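Look for chain A in each of the two complexes below; its partner is chain B in the first and chain C in the second.
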Partner chain A sequence: MSSVHIASPLRDYTRGAATVAAEGSTVAELLADLERRYPGMRFRMIDEQQRIRPHIRIFVATREIRDLQQPVAPQEPVHLLCALSGG
Partner chain B sequence: MTTPTLWIGTRKGAFALRPDRRRRHWTLRGPLFLGHVIQHIVQDPRAPNTLLLGAKTGHLGPTVYRSLDRGRKWLEVSTPPAFRKSESAEAARAVERVFWLTPGHRDQPGVWYAGTSPAGLFRSEDSGSTWAPVSGFNDHPMFPQWAPGWKTPDGELLHSILIDPRDARHIYLAISIGGIFESTDGGSNWAPLNEGVSADFLPDPSVAFGHDPHCVVMHPRNPDRLYQQNHCGIYRLDRPARRWERIGRAMPAKVGDIGFPIVLHPQDPDTAWVLPMDGTSVWPRTSVGGRPAVYRTYNGGKSWQRRDRGLPRSRAWLTVLRQAMCGDLEARSGLYFGTTGGEVWASINGGDSWHCIAQRLPEIHSVTAAVH
Partner chain C sequence: MTTLGPAERRRYSRHLALPEIGIEGQSRLKGARVLVVGAGGLGCPAALYLAAAGVGTLGLLDCDSVDESNLQRQILFGSQDVGAPKVDRARERLRQLNPEIRLVAHAVELCAANVGEIFSSYELIVDGSDRVATRYLVNDACVIYRKSLVSAAIYRFEGQAMSYAPDRGPCYRCLFPQPSEGVVPNCEQAGVLGVLPGVLGAIQATETIKLLLGIGDPLLGRLLTYDALSLSFHEFRIARRADCAVCGEHPSITRPQDPLGFCTVEEQRRVRRISAPELAEQLDRAVLTLIDVREPAEFAYGHLPGAINLPLAQIEQQGLTLPHEATTIFMCRSGVRSLKACALARRAGVREPLQLEGGLLAWKAMVEPSFHV
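Showing the complex of A and B:
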């Protein structure tokens, strides 16, 4: 189980929680688990071609992830961030 | 007679304006979805408690929210519009914004259509809860040429989805840039419908598609009567003819016939209103000469009258986007428009005079009337 830090624009889905728990041995699995717990959240971050949206950043520990098949080790924290995108 | 609620979609949220009985004083409600980019808010005339709203944020992908109680509570739909997964990277499209929403035919309750950027047509059969691509258009063999993914400032926009009230299978849509397309079989097949329309930004101005319709409207009482405000002028088409007539030629030459919205009278197919903007040189798209005016025709575009009483007399460079002007849903002669500078203007006498009913809102994308 990983601790997932949720950027503020996504917290409508987590009922305001800044940190939630999710499990998965890859980023894709972890996002699928998040989608089960918080329906609708994944599509706001990942488009229909399975690409991370332009202003979303995903970090596992301190590694930025661009491939959703990257592994997530047990207990590794995950950060779902919204990149600064101007006014 | 009921008074309308005006729904205002802005780059920073949604607002609603409610008038008193005489429509002189308006009360602003909102913001709803503060900070969200709201593109279009549309009521279902078949089920007036239902409204849909196309939204995204600066960071998050596009989605649709639905209200089942006339806009008091909103919930995100379960499956927003999305293209099918493509194996080809070149053909792999992702919806960036849900730009346009159209309720379906009255005999198909629950059916809605959505137009997106990049251009895509989507259909819902459950009042907007789940959406699927309309394969007949999005996967049409000509689609890569009709909608090659032009990187115009807000992307390639699919809009003006029009359902013939006499026949649910007869559908028009427009792409800016791409042109107008028609289906007579419920969306399985499509053909361009741009004959007579100028495309003076292309090397061949007589192309079959590639035009830039800004806004296309069909008259509800006479669905054979179409009008369009195009990048290259104002046009009318009376079906079954296929050649558009440039009725904007009758506009004053100094004003021109360029703009974004065109609005029809709900009962009279010969009455229409446009809001000209400067289309010269670098296409400023602001009120011509800094003097905003609405132009009205009573005769299908044979002649136009300037209507500007109450609007700023000078030094006002307003921009009004294609979804940001509308009329009353009934014959009350109400007209409304919102500017990218955050003002909403109203006329209750067919455009003869205007008054400002809201200021200092965010950049306005859409103004739509709903029955209260």
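Showing the complex of A and C:
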């Protein structure tokens, strides 16, 4: 089980929670688990071509993820970042 | 090198006492030329600290006037400034703080046509803008004209900051390759903790001074995030992208450009809005054309009865043809994309289009709690 840190603009899906738990041995599996728990959330991050949306960045521990098949080790923290626009 | 007079030596004595700054560093700051884009939540504290620190030429760019709702966080302004042009009042306030420096006000909206001329007078840009389009324009111009950039953004209780210097690391597009206008609500719609931009603006001023003086370890290739609720900072290493559209090996952006369907602030300001409860009333009584500008998958998840799906990207690329008889109401998830669509519709000649204020999130909150959005 990984601890997933949720960017503020995505917290509407997690009922305001900043950190949630999700399971998966790859980033793709982890996102699928998040979608089961928080319907609609995956689409905010991944487009129809299964690419990470250009305003979203995913980090596993300190590694930036560009391929959803990359592994996630148990207990590794995952950060879902979103571009912010406010000034 | 620029020299310091007796009054300046007294004013900056605490800087002069720092071995990392000293007379040489303070003189360098005096000779520096910095532009702050956006005199908002971020720009106000950043400009105050940069003026106080003795940055010799400080430019401020903003085309807005002071609004009462700004005063909760935009600390250059007071109640007496409401209605006045921001850059004028900012310049007065900063002059009171430090009459030794040169202050330049740019009361214009930054766009591809003026960015080159404006940036040519500065060596470092501080980005505190509140528009996605401006954020990318500033980044691209900094890469193209080889200016350093200290960027930050805020939302509710969260902030981000990163710096760019030519040939020293990734740019903002390496982090977030394309603008996603409208996907992220701005502070007007989502709210923002007043003190949040104070923290991020102070970080921007710190980064600016470090980059100008060449001291410390600036946020080059690092994204710093701040969560005020948990009071936690995180840092993420960002790699330069070889395929970056502006700083990559084969850049496709070689001169600053306005994004597709660019709307000026004034155009967006002229858009008329309708609240969710008002729309609920109108739905039963009037002939309305409802245009939902979200992506098809979002539309499929839930939409208002009778709404037509016309994604914003499609409107931007193909324009808009609508019957002019019915009142047209544009909607999206939070109200950002529909604001732009509405402004484009006005430009295309649609008579008095309306925008659903706060988007379908507001509809769910105020009218129909079971609505899927």
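Going forward, the second predicted complex is superposed on the first by the 83 of 87 C-alpha atoms of A that agree within 3 Å, B and C clash if a C-alpha of one lies under 4 Å from a C-alpha of the other, contacts with A are read in each partner's own complex, and residues count from 1 in each chain.
As a convention for this text, a residue touches a chain if its C-beta (ideal position, glycine included) is under 8 Å from a C-beta of that chain, and two chains touch if they have at least 3 such contacts.
All values derive from a computational prediction rather than experimental measurement.
Novice: After lining both complexes up on chain A, report clash or fit for chain B versus chain C.
Specialist: Clash: chain B and chain C overlap once superposed on chain A.
Novice: First (chain B), second (chain C), both or neither: which does A:G40 touch?
Specialist: Both partners, chain B and chain C.
Novice: For A:C82, decide between first (touching chain B), second (touching chain C), both and neither.
Specialist: So A:C82 meets both chain B and chain C here.
Novice: With both complexes superposed on chain A, which partner does A:P74 reach: first (chain B), second (chain C), both or neither?
Specialist: So A:P74 meets neither chain B nor chain C here.
Novice: So, A:Q50: does it touch chain B (first), chain C (second), both, or neither?
Specialist: After superposing on A, A:Q50 lies in contact with chain B but is clear of chain C.
Novice: Quick check for you: in the superposed arrangement, does A:P9 touch first (chain B), second (chain C), both or neither?
Specialist: A:P9 sits against chain B and chain C alike.
Novice: Which one hits chain C, of these parts of chain B: 221-229, 239-247 or 257-265?
Specialist: The stretch that clashes with chain C is 257-265.
Novice: Show me the chain A residues, by the header's touch rule, that chain B contacts in one structure and chain C contacts in the other.
Specialist: 7, 9, 40, 43-44, 48, 53, 55, 82-83, 85-86
Novice: Over in the complex, which chain A residues touch chain C? Could you list them?
Specialist: Interface residues on the chain A side: 5, 7-9, 12, 18, 40, 43-44, 48, 53-55, 57, 59, 62, 64, 79, 81-87.
Novice: Would you mind writing out the residues of chain B in touch with chain A in their complex?
Specialist: It is residues 57-61, 63, 76, 78, 80, 82-86, 92-95 of chain B that touch chain A.
Novice: Which positions of chain A touch chain B when the two form their complex?
Specialist: Of all residues in chain A, those touching chain B are 7, 9-10, 39-40, 43-51, 53, 55-56, 82-83, 85-86.
Novice: Spell out the part of chain C that touches chain A in their complex, as residue ranges.
Specialist: Those residues of chain C that touch chain A are 38, 40-43, 127-132, 135, 152-160, 175-180, 183-187, 190, 192, 197, 223, 225, 227, 229-230, 234, 236-239, 297-298, 301, 361, 372.
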